[in-house]
Each structure stands twice: as structure tokens, then as C-alpha cells.
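One chain, chain A, links the two complexes that follow: it is found with chain B in the first and with chain C in the second.
What follows is the complex of A and B.
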């Protein structure tokens, strides 16, 4: 009998061990996956794989940076002299333009004459800039390659434009999104912290037990509502409200995102704060009251200082909830990739961008990698938050000891 | 007893075996998705034993799925790009292209807006951010608010290519996750302008007349003007399939092109072929 129990114990131990191993392995694998895909963005050419920029051999331009190339294909720069070439106007050419110059018959039914025609084109149009597949370059091509600078971490973090699908050269600048994410989160906390902590204090110290028994499940219910519902609520109710209150042109703003996120962070903050407040030993409270302190004085001088670290944890976990939230924010902040200069303009957050775009990117492409790099940035944010939680918890323990 | 069991087994399995024979997948554009779903639903009801799996993901996704053999039909809201054709050729896969319907993109504004018509050049100026106020195009002194689809959408690409002359959208444009959200936002924002498929036009928003000949003639988007090609922002919707699977999918494609199939096209808010 004793032996049997021992075996069972060993077995349970093994189950516990293996489940914790599986969990940590999964987490590590996901992180490795995230970094592996994301890091690939840097030190790679901003052009799509196997694609090149070609100009005529007679053209003196040898190198262009991403901004110049973008301006050329956006028709903001239309003359070669502006980028160090001769005084000729620029002819834009991408692979699909070939049908504007040659008929389908000339190209052949299986495009067998395509390469030959590409070569013919550059000789006939020496002022052209071609964005084409390196596979469609014929032997003896009358053009030369134009170098384009690789994507750098600096361009990615501090770049101000996000045009991930722009051809031939996409822009992956996430600075507006970093600022947007931080502002929406900050706004959410300014709303959620005072509201959450007051509610928690009310529930733990002031409210009658019967009120508390109703209030607590209701608040916990809040965290069970799908975020899309919050988003829709925001779009229909809060966005028009903000628009009318502040007489704005658009209601989809940082503030709308903050309000929705504030509501969503409330259950986390309230539940954890209330638990922290309730762990204050009865003896401490009674001692305070016995010394002649009023209920209010006891609360402010004894209960809150005692549960300081618990309250901090609640706030930081609230930030964590807010910073990673996707769907609700996607629906109410407007998603314009501008740097927000106030709480009353549209913005775009990192999670919203990933959610909106990851579904349709081609696997392994530059855009795909850029979204994973965004994921890394978000991951670093959450890591910092979690480390802060640990730090605050530990410092709280030390001061109490 | 044994015999009975075997017979029962065969009876149980046989419907599945039959279904296996005529089951295929359609994948691609989200614009075409609702249409394909409806067509497939009616087709499957009429042909019990056939099963069609319909998924979205975007035109580009559908085409790469056709290339690596994970779908039988690719639905697309744009024609194949030349490099995609080259890829199919390289893989030795001959394919067929069928236009199943048309879709018109309407430019919509808030009903309170005085402006009723715009030229392509004005639209380009507005959506690239060069025109910032409605008074520059004959409206009230009101800031223009741009609503666009997300960058991953085929509609975003189509509008950029055919209206913006391939220029980039203004970075102040608000990118909405769904067409319905654009309609909702335009209806509650006075200075708003956006673009949606013909099927999404509601009373709460006002479609604009558009001119592609520098203001000589303006046309309002409708099934009629899209059909006779006077309304300029019209696009064909395609099915692509490989020659090797043509036999299998042909009855279904024929059904869509039939009078009954085209009636569904009209009911779903798209523009039928004739």
C-alpha cells in the first residue's frame, strides 16, 4: 500500500514537471521565432527579394537612398538633375508597365520574349528608371544597377513614415506608432488608476458586505467581455461623443483609445488592489483604531502604506493589459500613422498595426519581417513592465521586513 | 450478419466517397469572398454531394495558394501581375482566367457635405494630402478627413493604382479595418471622404459623381453606369484556375456565369457581366 502511494506521488511529480517544462519550452520557442523573423528585417535591402533598380548605362546616377527612390516613384522628383544626373525628365518603369510599350503578341504567349524586350526598352528610353525582377534581365543588358542602402535599426525605430506596401520601396518607420502606443497607454492609466483604486478602496474598506458581493462579480464580468465588443461600443458611442464634446473634425482619437483601454484595465487594477488591501492584518487596523485614529486615518496611514507594493503591481499589470490590447484600439483610434501632438488627434498603435496587417502579408517577405520586428518592440515593452513588477514587489517586501 | 455489416459500412462511407470526387477549394480576395460564399451555397444545395470550401485572405494570398497547390480556384479582385504570371509560367502551370462579375468603387462623403462631384485629379489631390480643405474643391470651409482601407486590402491597392496614379496616400489618412467601419465613420464625420464597394452604399452616406476626363462628364456609381463602363472606377473580379483542374471546377464556374448565377451577383450588390 505504501509502495503504491509512493508510485502515485512520483507519477504526479513527473506530470507536474513535464507540464512546467512544456510551458517554458513553448514560451522560449515563441520568443525565438519572434526574434528570428524580426531581426531579418535589418541589414537587408529594402527592395523585394530578387528585384533590382536599373538605369541606362549612359545615366551617371550610381546610388540612390530610400528617400530619393520613394520621391521618384511618388512623382515628387521628376528630373534626373535633382538626384545628381543629367537634366532629363524621369520615365518610371515597373515590370507590369511592359504591356504599355509592347503588345501581348510581341511578348509571346508564355512571355518568352519578355527579357529581350526589357533590353530593347532601356536602349530606346535612356531616361527610364526600371524596377524589375533580376530574372528578367537579358544577356548584354544595356543598363547598370543602382545601389540602394540597407534598412537600418535607426530608420526603423525613428523613421516617421509607414508605407509597408509602397512599390518599389516600402517605408518601415515606427516612431509614430511608438509614441501613439505610449500615449494611448498613458491616457488609459490616467483614467483607470484613480477610478480603479477608489473603487477597490470602497469595496475593501467602505462598502457593506452585501454591496461588495454584488459589485465584485460585476467588475469581474467586465474582463470577460470580448475586446471587439469594447471596440464597437467605442466606435458607436464614445467616438461621436468625443467629436461633439470637443468640436473635432474626427472623433477617432488617442482619447477614445484611452477611455476604452481604461475601462478594460479596470478589472485588473480593482481586483489586485482590493486583494492587496484585504491582506492588511486585522491586528494592525485594530491597533490603529485603539490608538484613537479615525477610520479614514487608519485607511490612509496604515492600510494603504501596508499594501503599497500590491497596489503598484496592480497598476503595472494594468499597463500590461493596456499596452498589448489590439482589437478595441484598432477600431477607435483611426490608425493614421501620424505622430500625435495631443490627445485629440488620430493615432496608430503597434498591436493594432500587427493585427490589421499580418493577416495578408506574404510569408517571409519584408513586410512580414517588419511586423515581427514590431512584435519585438512590443515584447521589449512588456519585458520592461514585468521587470518593474518584480522590482516593485521585492522592494515592498524588503521595506516591510 | 457479417454481410449486413459490410453493406452497412459501405452505405455509411459511400456518400463521403462521392463528396470526395467533387470537392474543391476557393481562396483569395476578401472583396469577392461574400459573392463566392453565396454562389457556393446555392450551388451545393443544387448539387448535393459537391462540397466547396471558401476562404479569404486577399488576392495575393489566393494566387500564391494556386501556385503551391493549396487551392483549386483563386478569386482575385485584380488581374494577375506580370511577375505572378511569370512565376506560374516558371512552375510550368498553365492557367485560365475568367471574369465572374464587376465591382464599382464609390467615393462617399457625409450627406451634409455640399460637394457632389469631383474629378480624378481632385481625388488624387485629396487622398495624397495636397488638398486639405473642402473649400478648395467648392465646398464649405471644413478640413478634409480621409478614410481608407488597411494597407493589406486589395481595394487599397486598386484605389491607389487607378485613382492616385500610384502615388502614396497621405500619412494622415485613417486606415479602417473594415469597409463597414468606413461607412460608419463617414456617416458621423462631417468633413469625411472615403471609398467603398458599390454594395456597401447606404442612406447614411452620399456617393460622389466622378469624372475621369477633367470635368467634362460626371457619373454617379450604380449598377447601370458600372455595367456600361461609363463610371470609371470599376474593376473586374476574377477566378483563376489551372488547366489541370479545369474539368473539376468547370460546372461551378459555368453556374456562376449562368443567368441564375449572375442574378446572385446582382442580389449581393455586385455588377453582373451583361
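What follows is the complex of A and C.
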């Protein structure tokens, strides 16, 4: 009998150990996966796989950066002298405008003469720049490869343009999304903090126990509503309301996102703040009241200072809730990747971008990697938030010890 | 002369009758100990005098409580005004998580006193009255949470004295303290008697015998006997008092 119990205990121990191991491993693997895919963006050329930039052997330009290349293909730069070459105009050649130069008969029905024509073209046009597949280069091609600088972290974070599918060179600048995310979050907090903290104070200190018993479950229910429902509500009610109130062309704005996120962050802020207020020992409140302080004086001078760290935690977790929220924001902010200069223009947040675009990217491609890199940025945001929560909690404990 | 009195007091918590027909009065500059087994209603009775029981939602009172000849449960009375004239010291030391100085100044600050000199003087006077001044005078800015439990309890007494109450209520003030700290609190009560009227709830019968002038014995919500402490302990008129004091029950 005793032996049997021992075996059972060993078994339970093994189950507990393995489930905790599996859980931690899963978390670590997800993080490794995120970083592996995301960091890959910064070691690669911004060109599509197997595509190259070629110029004539006579052309002295050996290297271009992404901005120059984009300007050339947008025809903002039309002379080689502007990028360190001879004073000569630039002829653009890409696989998509090939028919401007050669007829379909010349190329052959299965493009069997393509490589040959490429070789011809570069000799006939020494001032051309070609964006072509490396497979279509003929043997003895009369051009040389132009190196394109790798995508840098700086360009990624502070780049102002997000054109992930533009040809020949995409832009992965997430600065507008960082600002958009922070602005939507800030707006949400401006709404949720005053509302949430006053509701929490009302529930913890003012409301009759019966009112509180109704209010608390209702607020907790709010956190159980799926975010897509909030998004739908925002799209149908809030967005038209903003559009009419401010006479805007579109109602999908930073403000709409802030209002929806503010509502969504309320349960977190209210519940945690209320719990914090309730942890104030009854003996401290009684001590204050016994000295002739009114209920409000007790609240302001004893209860709130005592729950300071709890209230800060509530706010920071509210930020965490708002910053990572995807669906609702995606639905109401208009998805325009430009830097918002006010609360009344459309914007796009980091999570919304990932959600909107991940479905259309090719696995392992640059765009795919760029979305993972966005994921890393978001992950770093939340890590900072969580560390701040820990720090605030600990400092609260220290001041009370 | 009477400092405080209770007349025909009945207290209910919901349907539960916690105190039955209590009549008791307290002379100025006297120490009255309230003794009795746990749950006998002595703490409830003590907390009637600064309306602390009002915080309990199903509390109901019948009868009349006066402090300084004023009915403190009259309709036109402001509770926080009443509490300013009555100090209270609790079972466990409960200083605010603020500095020693701010703890003592709290009662004045909530009354709108912010004049530095008045505050300084009151803090010094109160800490001296509570026999704590010499131990903390160089560290007034230090957190009240950093001093010992016995010091904290004397700080709580100083905090109560700062608003110059006429009556001080003590709810087992030494029960959470070591013997040396307890002795200091007892000495202090002996000193404070010169200026204040004190009602103290205690479980420690020796303590009641050492420090009090009068003793009231509560049992199951009734005041069984109330008399001079010496008489209560040497020659009680009720058998139940005799049994409790000699340790036969409780």
C-alpha cells in the first residue's frame, strides 16, 4: 500500500514537472521563432529573392542604397551624375516594361529568346539600369551587378514609409505605426484613467454594497466581450459619430481607436484599482477617521497613497491591454500608414498591420520578415511594460515595509 | 462630575443583540478598564464613544451616549467633529506609512492646520507626552514603519494626543507588544491620567489591576459589575465576576 502511494506521488511529480517544462519550452520557442524570423530582415538585401540590379560594364556606379534606387525607379532621379555616375540620362528597364522594347515574336512564345535579348539590350543602351531575374542573364552578359545596401535597423525604425510590396524596392519604415500606436494608446489612457479610477473609487469607497455587487460583475463582463464586437460597435456607432461631430471626410480616426481602446482598458484599470484600494487595511482607515478626518480626507490622504503602487500597476496594465489590441483598432482607425498629426486623422497601429498583412505575404519573404520584425517591436513594448509593473510593485512593497 | 456616560444602551448587529441595557459613567481623570471574555461586547461598547461602529452596515443603537454632556448620537451632530475630541488607540499599532512627523501632524492637517510652527510645537508636545520624543527627535523624517512595534504604539498614542482630546479610548493597546514595551505603555497610561480620561479594553487582568481606577466586567453583552478596581478584584459582589477573575472561566 505504502509502495503504491509512493509510485503515485512520483507519477504526479513527473506530470507536474513535464507540463511546466513543456509550457516554458513553448514560450521560449515562440520567442526564438519571432526573433529568428524578424532579425532576418536586417541581414538581407531589400530586393526580391533572385532579382538583381544590373548596369552596363561601362557604368562606374557599383553600389546604390535603397533610397537612391527608389528615386531612380520613381523617376525622381533621371541622371546618372546624381548617384555618382557619368553625366548621362537613365533608362529604366524592368521585366514589366520589357514589351516597350521587344515584341512578343522577338522574345519567342515561351520567352526562349529572353536571355539573348537582355544581353543585346545592355550593349545597345549603356545608360540603362535593369531590374531583372538573375536567371534571365545570358552567358557573357555585358553588364555588371550593382550592390544594394542591406536594410538597416535605423531605416526600419525611423523610416517614414511603409510600402511593403512596391517594385523594385519595398520600404519598410515603421515610424508612422510606432507613433500611431503610441497616440491611440495615449488617447485611450486619457479616456480610461479618469473614468476607471473614479469608478474604482466609487465602487470601493462610496457605493452601497448592493450597488457594488451589481456593478462589479457588469464591469468584469465588459472584459469578456470579444474585441471584434467592440470593433463592430465602434464602426457602427463611434465612427459615424466622430465623422458628424467634427465634419470629417472619414470617421475612422485615432480618436475612434482611442475611444474603443479606452472602453476596452476600463475593466483592467477598474478591477485592479478597486482591488488595490480595498487592500488598504481597515485599521488605517479607522485610525484616520478616529482623528476626525472625513471620509474624503481619509480617501485622499490614506487610501489613495497606500494603494499608489496598485493604481500605477492598473494603469500600466491598461496600457498593455491597449497597445497589443488588434482587431478592434484595425476596424476603426482607417489603416493609413502615415504619421498622425492630430487625433482626427486615420492611422494604423503595429498589431493591426500584422493582422491585416500577414495573410497576403509569401512565407519567408522580406515582407513576411518585416511583419515579424514589427512583432519584435511590439514584444519589446510589452516587455518594457511588464518590467515597469514589476518595478512599481516592488517599490510599493519597499515603501510599506 | 461626569466626563462620559452611557444610558440604557442596547446595540444590535442585525438581529443579534450585542449589548443589553448598559448603564455606565466615567469620571474625569480616571482610568476605567473593561474586562471580560472574548465576544462579550466590551470592544463594541468602547467603540460607541467615537462612533466607530457606524462603519458597520447593520449596526443599530438604542439609548444615549454623552461625552462632555453632549449627546454624540444626536441628529445634528457632525461625526468627524465629535471624533476630534476623542482619541483612540487600537489593538495593533497602525501608524500611517508616512514619516513620524506626519503621523503626529495628521489630526491637525485634516483640520486645516498647516502653520509650520503650530505643527512643530504640537508634534514635540505630543511625542513628549507619549514618552517617545527622546527616542525619535533626531529622526522625525524617518518612516513610521521603520521603528519598533512598541515605539509605533506610542507614536499612535502621540497621534491621538495631538488633537487634544478629552477622552482617550484604548482597545487592548498592549496585546501585540512584548513585556518591556507593555510596561512602557502602562507607565504612560499612568502619566496620561493626569490630563485625560481613559477607557481601556484589556484581556490582561493583571494589567487591569495595575493601571485602572475602575473596572467594568462584561459578560455576554451585559455589564455584570462595575466598581472600584480594588473592590472588584478583592471583594466582588457578583459570583460571575469572582469566577472570571479567579480564572474559573473565560
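The rule we apply is simple: the second predicted complex is superposed on the first by the 328 of 401 C-alpha atoms of A that agree within 3 Å, B and C clash if a C-alpha of one lies under 4 Å from a C-alpha of the other, contacts with A are read in each partner's own complex, and residues count from 1 in each chain.
Here is the rule we go by: a contact is a pair of C-beta atoms (placed from the backbone, for glycine too) under 8 Å apart; a residue touches a chain by one contact, two chains touch by 3 or more.
Worth saying up front: this structure is predicted, and the values here are computed from it rather than measured.
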Chain B and chain C placed together on chain A: clash or fit? fit
TODO: Would you check which partner chain A:335 touches, where first means chain B only, second means chain C only, and both and neither mean what they say?
DONE: first
So in the superposed three-chain picture, is A:139 touching just chain B, just chain C, both, or none of them (first/second/both/neither)? neither
Next item on the list: Have a look at where A:209 lands relative to chain B and chain C in the superposition and call it first, second, both or neither.
Entry: second
Rounded to the nearest 10, the angle in degrees at the CA centre of chain A toward chain B and chain C equals 140
Taking the superposition on A as described, I'd like to know which of chain B and chain C A:95 touches: first, second, both or neither.
first
Query: After lining up the shared chain so the two structures overlap, which partner does A:356 touch, if you call chain B first and chain C second: first, second, both or neither?
result: first
Contacts of A:288 with chain B and chain C, given as first, second, both or neither | second
In this superposition, the partner of chain A with more touched residues, chain B or chain C, is B
Contacts of A:110 with chain B and chain C, given as first, second, both or neither:
first
For chain B against chain C after superposition, the smallest C-alpha distance in Å amounts to 52
The shared contact residues of chain A with chain B and chain C are none
Per the touch rule above, chain A residues touching chain C in the complex are 209, 281, 283-284, 286-294, 297, 301-302, 305-306, 399-401
Listed in rising order, chain B residues that touch chain A in their complex are 57-58, 60-61, 64, 81-83, 85-86, 89, 142-143, 145, 150-153, 156-157, 165-169, 171-177, 181, 184-185, 188-192
Residue set of chain C touching chain A in the complex reads 50, 52, 55, 57, 80-81, 83-84, 86-88, 90, 92, 94-98, 106-107, 109-111, 143, 145, 156, 159-160, 163
Given the complex, residues on chain A that touch chain B span 70, 73-75, 95-96, 98-99, 110-111, 114, 133, 135-136, 161-167, 176, 235-236, 239-240, 243, 249-252, 330-331, 334-338, 346, 348, 356-357, 359-362
